[in-house]
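What follows is a set of structures to go through.
Here come two complexes built around chain A, the first alongside chain B, the second alongside chain C.
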Partner chain A sequence: MKGSKASMTMNKNKGTWYLMKKNYAAYLFLLPKLVLFTTFIAIPVVWAFILSFQEYKIMGGNDWVWLANYTDVFKSEAFKKALMNTTIYTLVTVPFNVITALIAASLIHSLGRFAQSFFRAAFYLPTVASMVIIAMVWRWMYNYEFGLFNYVIGWFGFESVNWLGQSNTALWAIIIMQMLIPFGVGIILYLASMSSISESLYEAATIDGANAFQKWVKITIPMLKPSTVYLVLLSTIGSFQVFTQIILMTGGGPGYATETIVHLIYKTGFRDFEFGLAAAQSVVLFFIILVISIIQYRALRHDE
Partner chain B sequence: MKKFNTKKTLIVSMLLIFSIVSLLPLYWVFSTSMQLSSYQDEDLEKPTSYVNANPPKMYPMGIPEYFEHWGKAREAEKNNDLEKATYHRDIMSYIVEDTFNGFKRLFQQNNMGMWFFNSLYIGVVVTVGILLFDSMAGYVLAKKRFPGRNIIFWLIISTMMIPSQVTLVPMFIMVRDLGLMDTHWALILPDLSMVFGVFLMRQFMFSIPDELIEAAKIDGASEWKTYWSIVLPLAKPGLAALGIFTFMNVWNSFLWPIIVLNSANLYTLPVGLKTLQDANLADFKLLMSGAAIAAIPMIIVFLIFQRHFVKGLTLGGVKE
Partner chain C sequence: MKGKTNFFTLLMMVVLIGLLTACSNDSSNTNEDGEWTGKITIWDGPRWAQEGDDSGEDGEGNKYFWLEEKIEEFEAEHEGVEIELVQVPWAELPDKLGVNIAGQSWPDIAPVDISGSAVSIEHIEQGVIESVDEFFTEEELADFYDNALEAYTHEDKLYGVPNSITVHSMLLNLDLFEEAGVTPPENGEWTWEEFVDAAEQLTFDRDGDGETDVYGFSTYILEGYYEAWPFFYINGGQPLSDDLSEFTFDDPEAIEAIQQLADLKLEKEVAPVSMGGADVGGTFQAWANEEQRTVAMQPWATWAITAAQTSYPTNFMVANYPTGSTGEPVTLGGVGGWTMFHQEDEGKKAVVAEFIKHISSTDEQYRMSKEYGVFPALISAAEMDPYADNPEMARALEMSEQVVMLPRHTEWKKIDEVIQRELQLVFNGEKTAAEAMEAAKPEVESLLE
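Showing the complex of A and B:
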């Protein structure tokens, strides 16, 4: 450490160029990633913003239409519906999944080592399968005539429902599916954070006569706050990008009943080939996610 | 003996119910994929499909049927009733044929083998590339001091906030103009540029003591040799976690591949499964067979490397 500090002050005198030459190897190490990053992330991001102000022409010579794409986005019925659906989907699934992950992790944490690793695996396993697989099997489980889901709700006396085929149930079918997929990442993260909470806090509470539930509310939940913030942010961002279930289970239908933002971007860009409009939609998605992340981060951090 | 613990029993049974609910869809994939699709029993006139059964059959019906006929065949053989024995033996081989018929059709009539191979090799190529490039970048960003270090790091990290859908349209235009449309390069190159690993590797490299790197330098090792034989071996746990998540991401990636791939022999598994579903909307035995084949490798990888999954998740969270 000492040596590097000394060499730093020495280097400062010799200027940036000298430092760059001396560390040429560092740049070589960075080169492959930097080239890929620039080509396939940095340039496309900037390009997306430019495209969103243009009308794309295949023959070249795009027209600058400035904000016309954006006014189209906000005027379009499809986008309003997509925004609405995505918001409802997020508002229901994110709190539900984070809370159930917290409860599941708390229950698992109270068990012994073997039971802990068993349940951790049981809850994480379904999430390693691709969403494509999950969506395909749920489409089958939601089958009106032969599906498992209608059969199970039949035990409780409910009539069979054409879940994915009706506009008043399709979105809820997608939401219920997401609620029943365990939030494996959440459970694992919560378990890891729980094991780092100091035992002495609980011991002190026990001496003060707190019961298990009081300890959970007053110690566990506040101590897990950083994980909760992270998980809420992570799953909100993920949930605003919901796509795979939609294209495989409903195609956004019936009508616009299950249209979501990313599915709409896909349709606009790669079925209708309206690149400018699709770029504008994706920029809007970016800002929605950005604003929500900032609000959530502040709100959840503040009341500490 | 321990006292019977009511509270613990309650917790365990609640968790068991939760895990049954969460594992049920996966079970249903495998159960349907091996369900008898048509089967003519002695006392039934028409062939019955157990796939489309109401109420649903909860496990592959071929299993009990097989053993039933096996028993009958054995009995007939004991009684020297060869005709009857052959009859039951035939039904048994029919049951086996029909049970695995979905998988057979996938490989014979669809390109399942090709899709599987494509997913596998693209996953391996991207994972190896990411491990190499991201550990190189993470190493110098954590351990070297050079002009531009912080700017480069923050530039890379700031794009992690941007949803990947933003780059879809420009990447499509770019890939088309480069003539890479409908090639595997169109998948591999963008996947190799994912930045999450740089962040993860940099965090991990901080934990490697400077003294070891200094010592290697004093011994006259080149920069590359230091990285390759000192730094990389020490970063193994981080590499394992990153490797698993990269492979899983690539194996499961869907939105971009369905945009750039058009030829059936170039499809990856998720794309293949989508076209399979588009072409066979109601053939759930076939669809679930495909889903089962796509699910098995990830399940195996998870069961083997479970420890690394947990570590990777807690190292810095995962981008979903």
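Showing the complex of A and C:
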């Protein structure tokens, strides 16, 4: 029995090698991408994981500290505040952006061809623009003395607000900014998915007497569920990695009011040169995103 | 089959050539005279352009011409030595250097101090920074100001060559003083009460619409920046004890000084709401930009004096920070210079040191003082009187006697972050100075341990 199992494994190995030899051209075509992936993704990820158990020394000779970096992460007040801020940011921006993308796409989908093209481009444009530029424009809009927002609320008799300078408004100012930037990717993806929904479903619903809203709720939204799952996962991962807005608009302040996990990782690594601790923070972030993604995926796909 | 073999041979050759090319990037040799030859990399930020040069997209001219000239001179004197200048905007230098240090791809020379902005004592202890003592004679070292050398010294070794000293000073817009009918302080010397009195008079509604158009004072609070900090020292307070073992910004002298500065905005309303925020550029524009000029007095480092004389022509004067209960004026200062990064080759190290000396000589420091708005770190350069025709810089130079240095602690960057973040909350009125410093104390003391 043992002999036959060994023989099967050998045959299997022989088969794999045979297939590799037979399809060598395909593997050669895959090789450049595989080398790039290994060099720039796989090795750094594995190295970061190893680094998270070490105390980093710039000139080499890292010391093994095992779980000490993880203990520091969970004891750190700054990390707790960053995690809280990032969670609030995600909980507000992700549902808002996905829902508004769905509504915008539904409205655009009912328009004529020319109007569709126009709105598609208009909503996608901010996605192409650099977040650096967007953040700088928004910083000006939030300026206490010369900003657009205080100018506008001044018309209605409200007092100016120090949007980015107060702990109780700074994070919300960043959240509002993210909410008001159209979720271009979401709109484009929803529009593409809507085009593939069979017209016969809507015709059948019409015959059954369904109105436009009922058709949207009972047909469009369920049929877009795969896209919704993808967009929720995509924007959740993006939200947990929020960085550019923070470093350009508030630097994490005032106090720790707008500190986020990735900004904290950046500071720990490139300001304090504590790459072991930064790697531990990154691994924790990785598992947070992984767990949330699995929960979201299962929750949104459970009935399929 | 032969086709396959040829393909693999070709592939291996491409990979091999690639590897060899990558490895040959930093090739260097020694010439017949035993001198090192090869490439040296230096980073620098924009300094000043030649008079009349309005080249470039922004019309500000080539602000790297001085170093380019010095490189050309040095290369002509040292055959086989090539110096590559990497132009880095000042604001990006700490981050870029940090990333390059992390990747062990540092330049040979960079214009940084060792106080913690981009390079810290920890880097010295890890061997990232080279000591330069061996390249200076006793006589040469004696020509440097003591505090300049001290700023680059760690455990009795010199880790850089000082080329400039800066101090923080108060800049007063004299046009706004005249408009408000306020007399500027005589010789730039004043007490806290006189300063507050001036700030109150300088806060006014120009057009009678019921809104304040000009504020007496403003500044900002941000990690790594210390324009506001001399105000916290005026009653005798300081962030850490002299032996760096205790947090002392919670002492009554410091608390009172912090609170009274924040109260300029919170109670007396002689400073704009943006005071104490993190917007460095916006704060300077409010004082210097001709289209704004909404603040009459701000504290700045020496570079702002040159900016107010050139890029933002302003009718201004330089004054001391006001004195507090100690009666002694106080300010903070900084020392700039060139730092040499880790070298594998002793021959190269000697050439790099020679080039640093070449750009840090008496003549070059004199020239930089005149053109770039910094004070020389060499006594011989200061004796050439670079500010004979610049009374504002001469006034600021007098203030260098009042300078206290920031604590030199390996964890200073983290300590600074804790303090500055709490200070931000004081200045936006969320905490009192006492509450904020009480909150900072345990965090700072754990870092001191």
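By definition in this document, the second predicted complex is superposed on the first by the 266 of 304 C-alpha atoms of A that agree within 3 Å, B and C clash if a C-alpha of one lies under 4 Å from a C-alpha of the other, contacts with A are read in each partner's own complex, and residues count from 1 in each chain.
Basically, a contact is a pair of C-beta atoms (placed from the backbone, for glycine too) under 8 Å apart; a residue touches a chain by one contact, two chains touch by 3 or more.
The structure displayed is predicted, hence computed values, not measured ones.
Partners chain B and chain C, brought together by superposition on chain A, clash.
Of the two partner chains placed around the shared chain by superposition, neither chain B nor chain C is touched by A:Val94. Of the two partner chains, chain B is the only one touched by A:Ile237; chain C is not. When the two complexes are overlaid on their common chain A, residue A:Ala105 makes contact with neither chain B nor chain C. Of the two partner chains, chain C is the only one that A:Gln166 touches; chain B does not reach it. By the touch criterion defined above, A:Leu83 lies against neither chain B nor chain C after alignment on the C-alpha atoms of chain A.
When the shared chain is aligned, no partner comes close enough to touch A:Leu224: not chain B, not chain C. With both structures placed on the common chain, the touch criterion links A:Leu189 to chain B but leaves chain C unconnected.
When both complexes are overlaid on chain A, the residue A:Glu145 reaches chain B and chain C alike. Counting residues of chain A touched by each partner, chain B versus chain C, the larger count belongs to B.
Once the two complexes are overlaid on the shared chain, A:Phe270 sits against chain B and chain C alike.
Once both structures are placed on chain A, chain A residues 143, 145, 269-270, 275 are touched by chain B and, in the other complex, by chain C. For chain C in complex with chain A, the touching residues are 4, 95, 98-99, 101-102, 104, 120, 122-123, 126-128, 222-223, 272-274, 276-279, 282, 286, 294, 342, 413-414, 421-422, 424-425, 428, 430, 443.
Chain A makes touch with chain B in their complex at residues 1, 3-4, 8, 16, 19-20, 23, 25-27, 29-30, 32-34, 36-37, 39-45, 47-48, 51, 56, 104, 107-108, 110-111, 115, 117, 119-126, 128-134, 136-141, 143, 145-148, 151, 154, 180-182, 185, 188-189, 192, 230, 234-235, 237-238, 240-241, 243-244, 247-248, 262, 265-266, 269-270, 275, 278-279, 282-283, 285-286, 289-290, 293. Residues 24, 57-59, 77, 143-145, 160, 162, 164-167, 250-251, 253-256, 269-273, 275 of chain A are the ones that touch chain C when the two sit in their complex. On the side of chain B, the complex with chain A involves touching residues 8, 11-12, 14-15, 18-19, 21-26, 28-29, 32, 51-56, 132-134, 136-137, 139-141, 144-147, 149, 152, 155-156, 159, 161-174, 189-190, 192-193, 195, 198, 210, 214, 223-224, 227, 248, 251-252, 254-255, 258-259, 269-270, 273-274, 277, 284, 287-288, 290-291, 294-295, 298-299, 301-303, 306, 309-310, 313-314, 317-318, 320.
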